[in-house]
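Common to both upcoming complexes is chain A, partnered first by chain B, then by chain C.
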Partner chain A sequence: MLQVQPENLRGAANIFSAAGKNPLAAMFGADETLRGGGLAIYCLFYNAEKRDMDILKAEFSADGDLSYPSLTPILPAAAWYERELHDMFGFIPREHPDLRPLVLHETFPEDFHPLLKKYPVDYQVRGSRKYEMLTSAGEGLYEVPVGPIHAGIIEPGHFRFSQAGEAMLQLDAKLFYTHRGIEKAVEGKTPFEALPLVERICGACSVANTLSFCQAVEKLSEADVPRKAWLIRTLAAEMERLYNHVGDTGNVCAGVGFSPVISMGSRLKEYLMQLNEMLAGNRFLRGLIVPGGVNCDVDENCLEEIDEVLRELEKEYRDIVHIMWEQNNFVNRIRTTGIIRQNTAFELAMVGVGARASGSVRDSRKDIGFGIYDELDFAVVTETAGDVEARIKVRVGEVYESIKLIKQLISKLRKEPEGSLCVDLGMLRTLEGSWGISESARGDNLHWLMLDEEGRIDRLFVRSASYPNWPALTLAVQGDIIPDFPLINKSFELCYACLDR
Partner chain B sequence: MLKMIEAILAKRIVTENISFSGHKRMRGQLQCLNNCDGCGNCSAVCPVQAITIQDGKPAVDYKKCIFCGRCVETCIQGALQHSNKDVMGNVLTETQIQIGEMITAKLGRSLHVRHLDAGSCNACDFEMGALSNPIYDLHRFGIAFVASPRHADMLMVTGVVTRNLEQALRMTYEAMPEPKLVMACGACACGGATYGATYAVCGSAADIVPVDIAVPGCPPRPSSMIAAMCAAADILAERL
Partner chain C sequence: MMTGYHSLGYSLLQALLLLLVAPLIAGIIKKLKALLQNRIGSSILQEYFDLYKWWRKPTFVTPYTSCIFLAAPCVYFASTVAAACMLPNFIGRTVSLGDVFVFVYVMALGRFLMTLSSLDAATAFGGMGGSREIYVAAFVEPVIMLAILSNVLHTGSTFLGGMSLDPGEVNLTVAGVLTCIAFFLVLLAENSRIPVDNPDTHLELTMIHECMTLEYSGRLLALIHWASQLKLLIFLLLFSLLYLPLNIPVVFKVLGSAVLVAVVETLNNKMRLFKVRVYLAAAGIMLLLAIAAQ
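Let's look at the complex of A and B:
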């Protein structure tokens, strides 16, 4: 970790990013005043060569000037992180092109920064602040406001379209409606106490969030997680990726009203959800992964059942994909729609399906190689067109890879001798930053953790896979027609809950 | 096109009866055996303070319970156990309603539902989406999700109510025509204790709008949601 003066943060970040070779993975603040420090900004950069993160820290005096030269002009990926830093801590990134609020909406006062330690977790204060939407003006242009409450069963977000006829000229997304203050809520809790909350950051990424969090905790311990536990964890992680991808393959067709495939996809997803309940006692695989390992074994009956369901599912899934590509009117709608160019994916440090469909070969399972992924045989599926079709193709490819991985895990679990499933982590190292990563269906999910002197959580930062991809969605739609928005949105399939926390 | 028709015909009907029992491992309603000594460990470890000790035995507030299983793991006596039964199912058998009869009775009615995510983790929302899949096929009970609160008989709220969505919840409720119902779906909306009290949370759904029916679970299983919606259709019929 390198510590720099705030004024030098931009220069140092420029060097750390190595001309874009090492993308910005996360940027967040921390209030370290309770232990005699000041306020701090941390920047994490992926370093694929070292298979690690490079960490950059700038420390500010708590009662001094909180301004620093913004990173956004040189690293566009920092734009939302810096808006969040401004909301949550009161940092002022100078020369930031768009320092509107992000997390805190109109009912919060301007000078309230909830992650400062001086505010108690349940501090309720009301005020009013402005949250202006970005719009375009000109003759013949008009606005279309959508949300936060949508027509379907989806999560809340407000979208403001600036329209030139049917074409979307500009889109601004107001998100963070489901901001629950989870990062503040876990402060002062032990990792064990915080676990149920971390599992409930997001439903569809329950395993990914828990796995990232547990790895961050385990890095602060001397103990090693048993191999068998890693096999079961990886099985759960791939099951989560699989049920999401299978469901999303069907669901993207809802964007064009292609009903038979929606129905087929949702049926296959249901079979997987039932397997989840058998595996973990919960349809979202909650309660299985704990710091130190897992808390229940997987027996032969269970493996047999998974094996059997997957065999049938793979066959049916291939049929569904065949049906999709056979429909020319469907292919017409998805081809060249919602394009993200490789350069954009790269500049926004996008992750997951969104990035891999635009020619970026990034996958934390290969790049970082956490857990036992190095032992497993799988390919990173990529496409180059960056449109809706490319994202569907990547998703379909990943379904087959996940099935392949689960089959390997089943045969490894069958050979694995009986053994411990969970290790006692003992005393955890305190006042030391630690991160954990996992690959959710939407991309890599990163947690940063620091414990205070008593071993309680001092700071947890959750950067879900949706975080870097949301700004890309607003760019992808430009120039497309507004009826294609649901389709483009569904092709990214981003979580709101994961982002909002 | 032919392939598609063939695939649809080949599957025939996949819709199943709803069931309140899950797999063996499912963490459902809690059972307390006689060897419980009322030590209170379960109550102390509960992350959402859903358990209180009454007359030397744990009493569970299922509106808050997130079915995490911590109480069962902590119980030294092994007296506390999860059954694989949904709580919602037991609520209904207590009132002596047989599911079969209930469904028949409901077929003559209809309930139009508007979903509102007031700050959920999206698990409840995904399960709600699953209600429309061919396995659960919600429409067979005469229940449908609608696009606007103005078309709805019932508002189905998921999640704790966040500060950023409080106004949206109030306005959506106000936009609904009378008679109207509100269902709190899942531990967050029912109990509001999942994340504790924070600067960004207003509380449970009942703290903002009047709640008529609560569905426990984290998230509730689709069968529970269907049973609760059928029960809601009954309540609505009484109000008409």
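Let's look at the complex of A and C:
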């Protein structure tokens, strides 16, 4: 970890990013005043060569000036992080091109920064501040506001389209409507007490969030997680990717009203969710992974069932994919729609399917190789076109890779001797930052954890995969027409709850 | 030949009958689509339940609208019922009230007012829906006229009664078949079905017809939906009476074409908005060929 003066943060970040070779993984603040420190900004950069994160820290005195030169002009990926820092801690990134509020909407008072320690977790506020949407004006231009309440059963988000006829000129998204303050709520809890909250940050990536969190906790301990536990964890992680990708393959067709595939996709997803329930006792695989290992074993019956269902599922899934590619009208809709160019994906430090469809090869399972992924044989599926079709293709490819992985895991689990599933982590090291990463269906989920002197959580930062990809969505739509927006949106399949942590 | 009054009576009776049956046909198509998609689907009577539900619910009208907003659903409903009166009497068969040009423009009157009302509430979705409806209509109307012209050439009459195929006639000429296919394509476009529009979607940004009705509630919404169902039935009937070259009773022809709609809707997805003109141009070219062949 390198500690720099706030004034030097931009320069140091420039060096750490190695001219963009090491993308910004996360940027967040911490209030360390209770331990006699000040406020701090941490920047994490992926370092693929070291298979590690480079950590950069800038410390500010608590009652002094909180301004520093913004990173956004050199690293566009920092834009949202810095807006959030501004909201949550009151940092002032100078020369930030767009320092509108992000998390705190117009019902919050102007100078309220909830993640500062001086505000207790049950602090109540009411106020008003300005929240402006990006708009446009001119002859023939108009705006279409959509949401935050939508016709389907989805989470809240307000989209403001600036239109010239059917063509979308600009899109601004107002998200974070149901921000739950989980990062604040877990402060003062032990990691085990915080676990149920962390598992519920998001439904579709419960395993990924729990796995990242558990790894962050385990890095603070001397104990090693048993190999068998890692096999079961990896099995759960791949089952989660599988049910998400299978469901999303069908769901993307809802954007074009291609209904047979939608219902086929949800039928297959349901089989997988029932397998999940058998595996962990929970359809979202909650309660399985704990710091130190896993909660329950997988017996031979369960492995047999998974094996059988997957064999059938793979066949049916191939049928669905066949139907999709045979439908010229469908391919016509998805090709060249919602393009993200490679350098855009790169500059926004996109992750997951969104990035890999635009020519990136980033996959934390390969790059960081957490757990036992290094022992397993799988390929990172990439496409270069960056359109809706490419994202569907990456998803389809990853389904086959996940099935391949699960088969390997099953045979490894069968060979694995009986052994302990969970290790006692003992005393955790305190006042030391640690991070955990895992690959969810949407990309990597990154957690940062620091414990105070008593072993209770001082700061937990959660950056789910959707966070860096949301700004990309607003760029992907430019130049397309507004009836194609639902399709483009569904091809990213971004999560609102992952932001509302 | 029946007297005018008799004819009027029959026509009104027929319109009433169609009005009562229309939700059932829409329900059958929905149910079929559900079955074809591996779903159980709602009851075929669901459309009646929905109409009843909307009828009992209060109607909210924003204070920012003009009288057009209230008038449009009524005119749309009335014009569709009027069009139903003009269909060839399948009770008496030979007589019908209307000239085919009157028929087309009575239908257009309803659409015109619906489009106006979509602008009335000044919401972004309404304007979008109105503009798309007109964009589709601009291509649909000439194609319908061509379809009629093709039929007029075949039968030598511009009265719908005179235009319909004789019960025993199986018009399997090149012109007849081309016209039949082209009219079916127009039927899908005119009734907001896939691949032009999606009647079942909840995605406002992709809607065409539904987008215009978003501001409506209660009885006004019930009127719009009922009229749309009737319109679908009218087109299925026209397709059956005028174009479908099959020697079976009209009821089976209508049911058969309803099945066809469900199958086509299941097998297809919605096309790009700006491709709709290519789709309708294809129907237009088929009709030109059909006319040339005569």
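The rule is simple: the second predicted complex is superposed on the first by the 501 of 501 C-alpha atoms of A that agree within 3 Å, B and C clash if a C-alpha of one lies under 4 Å from a C-alpha of the other, contacts with A are read in each partner's own complex, and residues count from 1 in each chain.
The rule is short, and it goes like this: a residue touches a chain if its C-beta (ideal position, glycine included) is under 8 Å from a C-beta of that chain, and two chains touch if they have at least 3 such contacts.
Fair warning: this is a prediction, and the values are worked out from it, not measured in the lab.
When the shared chain is aligned, no partner comes close enough to touch A:33: not chain B, not chain C. In the superposition on chain A, no contact is made by A:342 with either chain B or chain C.
For chain A, the partner touching the most residues, choosing from chain B and chain C, is B. Of the two partner chains placed around the shared chain by superposition, chain B is the only one that A:274 touches, whereas chain C remains out of contact. By the touch criterion defined above, A:263 lies against chain B and chain C together after alignment on the C-alpha atoms of chain A. By the touch criterion defined above, A:474 lies against neither chain B nor chain C after alignment on the C-alpha atoms of chain A.
Of the two partner chains, chain B and chain C are each touched by A:151. With both structures placed on the common chain, the touch criterion links A:135 to neither chain B nor chain C. Overlaid on A, the two complexes show chain B and chain C touching the same residues of chain A, namely 151-152, 260, 263-264, 267, 327.
Against chain A, the residues of chain B that register as touching in their complex are 1, 3-4, 7-8, 11, 14, 22-27, 47-48, 66-70, 73, 82, 115-117, 119-130, 132-136, 145, 147-149, 159-160, 162-168, 172, 194-201, 218-219, 221. By the touch criterion given at the top, residues 142-146, 150-152, 165-166, 253-260, 262-264, 267, 327, 329-330, 332-333, 481-486 of chain A touch chain C in their complex.
Contact residues on chain C toward chain A in their complex (touch as defined above): 33, 36-39, 124-125, 127-128, 131, 194-195, 198, 200-206, 266-275. Taken together, the chain A residues at the contact with chain B in this complex read 104-105, 107-108, 112, 114, 119, 121-125, 148-149, 151-156, 176-182, 184-185, 193, 196-197, 199-204, 206, 247, 260, 263-264, 266-267, 269-270, 273-274, 277-284, 286-287, 295-296, 319-320, 322-323, 326-327, 495-497.
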